[in-house]
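First the structure, which I've put down as structure tokens, then a few questions once you've had a look.
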């Protein structure tokens, strides 16, 4: 083997090692989460974790680690956010792909990206100072820090994802579908509603799922705007404490390697698994969709 | 006008309203923060430490902290991300394993930031004994940004036509020569745009630094990478929820929000403009 | 066919993409300082065969050669052969002009530089000679610093020829070099090919039969991976031995 070939091999090997470090680190996340999650179940029964709703690690007599209340809280805020973000996001995407002029699109797309770039802590702050007071007035509650507030903020966080991916899905619908529909005497609106959106449906669903993944995993907005009451949520006006908020509030206050510490990692592991699978499924749907339309 | 056209007009207006509403969100965010934050942002505010139990003074240490942590993030995420992307796109065989790795990386960019925070506690704070420090927080944010930089860099590499590689190889260039001279020069601007967007996201993150090094208040600037630090997003969180007199410090919170928002906005907008220019250049 | 020592000897050569065999037991000798044309309907494997000669197919995963291709008696698929050295000896011009987005000068100098030539005077000399060799010098000499993408399609393709000539190959492979060009640019490329064969062994893939008839000395007709017929161009086009060849060149399919 000559020198040049040796050098080439060396360079390839370097990039390989580099790639493997990245992969290992990312696999490491999962392993470390698992390793720090399981010891908790020496003290807490898995059954209790899954089926009870009282999460009270500071209880004087016996600490309890029921997971259902925070799961319900996360579910509630997430569903609420999707009720807002899905119609708004898909509508915006349809506007961008089928109504907007080229110039409007050129301006609007960077705007969506800027919206996506706003730090969640800023959105959370506005939840306290803007959304909260308005909600308090409308519903007659004390400070408006509740599940609806969280839903509204999460909708803002999920919107950019839903808009830009739905738009990609709509744009991937071949022109020939559109032309066929127009040639049959349908107008543009009918074409959008009856041809384009159905043809892009799986891509749009994938976009919404990804938005849902964002909402489930969002921390700062819900931490700041939902009031963080640990009880099982009664209705949309309840103050709720989501999975992410629970970790964010409690990890700083607990001793390392206590049962509480491990149980918070368990919550993190659950979050990881939920979001990873949501992303994975939406990724598969999205790529299948794009491939099919090619 | 017949029923069909009326429906179309109405339908289009609904869609326009959706867009308008999204734009309105953006306007409200910027308007509220700029109008209420601007009075607080003075030269003193930008260059001094908080004083009097954080009810007066500035946010200078938080700006420095955010800058330092983002540097660590960049050092970790940018070279590793670009290198991995080069491996995946240029060297890795196109088989199930590679596709699986690529898909996992894409999905890891959607894992919640708080989970990266937990990981940072387990790996950097505990296992590596970095404690709660700039380096722990920077590494945590770096790992969070890594999937993003890898994916963005791969996109940029994919955008370089195959014929550039083939042409070079057919002229007797080695593989690395063809990548170095005929692929990277055209991909690096795109890779950097992606990296900048990733870093700006990292700079605005709060959840991953909550327990890996961000401090409530520090009288002095950090003197080593193992010190704790103040950071803009964390400072905003503190000032809006944890301070003992929240209403009194509201102007400071607004000022902090404005500085953070502008910082991220400027970085993002320059990346977006850079990318736009590149696309225009490519079209010619 | 004149009885010279063949430059390239292909013997019982098979080629696979994964499980599908795209070249089947190809055997042919290619003469030096000759233009050899490979014709056949699209998908017959003619480009694949061409790309086997400088091992560009190495880039395609799960592709596999079998059998022998020798250049000057050397098996080019042997493990001792460095593919980089091979490609220096066997230049290639692609179907679509693919100049790099660099200056005209840097395009031609590219191959020299990656091969470690640093002497700028030598590079300048070789660039000029190559551009003259590809009949582009007169048009390009005053705009050498200009971006190559500003050239017309035909000029770009001649630039790609110059780029290949700069590293002084022995064999020049051309993959439908005129398919993306207009008739005038095509005529120029054809003239150039006839000129170049004085110095180089040229193998050209083309779907244009008149072109093959005009410029080549030998013609190979490929069909679904089989070498149906190979011989002097004049024979192939006037008295083909195989019925299939006749049908193809008279335009009954393809």
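For clarity, chains are labelled A, B and C in written order, and residue numbers in each chain start from 1.
Simple rule for what comes next: contacts are C-beta pairs under 8 Å (C-beta built on N, C-alpha and C of every residue); 3 or more make two chains touch, one makes a residue touch a chain.
Predicted model, so just to flag it, every value in this text is computed and none were measured.
Interface comparison, A-C versus B-C: the pair with the greater number of contacting C-beta pairs is B-C. In terms of the distance between Cα centroids, subunit C is separated most widely from A.
Taking the mean of all protein Cα atoms as the centre, the chain whose own Cα mean lies nearest is B.
Subunit A and subunit B have CA centres that are 17 Å apart.
One finds 53 Å separating the Cα centroids of subunit A and subunit C. Annotation: 48 Å between the Cα-based centres of subunit B and subunit C.
Shown for subunit C are the residues in touch with two or more other chains, namely 84. Multi-chain contact residues, meaning those touching two or more other chains, occur in subunit B at positions 174. Of all residues in subunit A, those touching 2 or more other chains are 4, listed in ascending order.
Put simply, subunit C touches subunit B in their complex at residues 54, 56, 59, 61, 84-85, 87-88, 91-92, 94, 96, 98-101, 110-111, 113-115, 160, 163-164, 167.
Only residues 82, 84 of subunit C touch subunit A when the two sit together in their complex.
Those residues of subunit A whose C-beta lies close enough to touch subunit B in the complex are 4, 7-8, 11-12, 14-16, 18-19, 21-23, 25-26, 28-29, 32-33, 35-36, 87-89, 91-92, 94-96, 98-100, 108, 110-115, 117-126, 128-130, 156, 159, 163, 187-190, 192-193, 210, 213-214, 216-220, 223-224, 244, 247-248, 251-252, 256, 264-265, 268, 271-272, 275-276, 278-280, 283.
The residues of subunit B lying in touch with subunit C in their complex are 93-95, 161, 163-174, 177-178, 181-182, 186. Per the touch definition, subunit A reaches subunit C in the complex via residues 2, 4-5.
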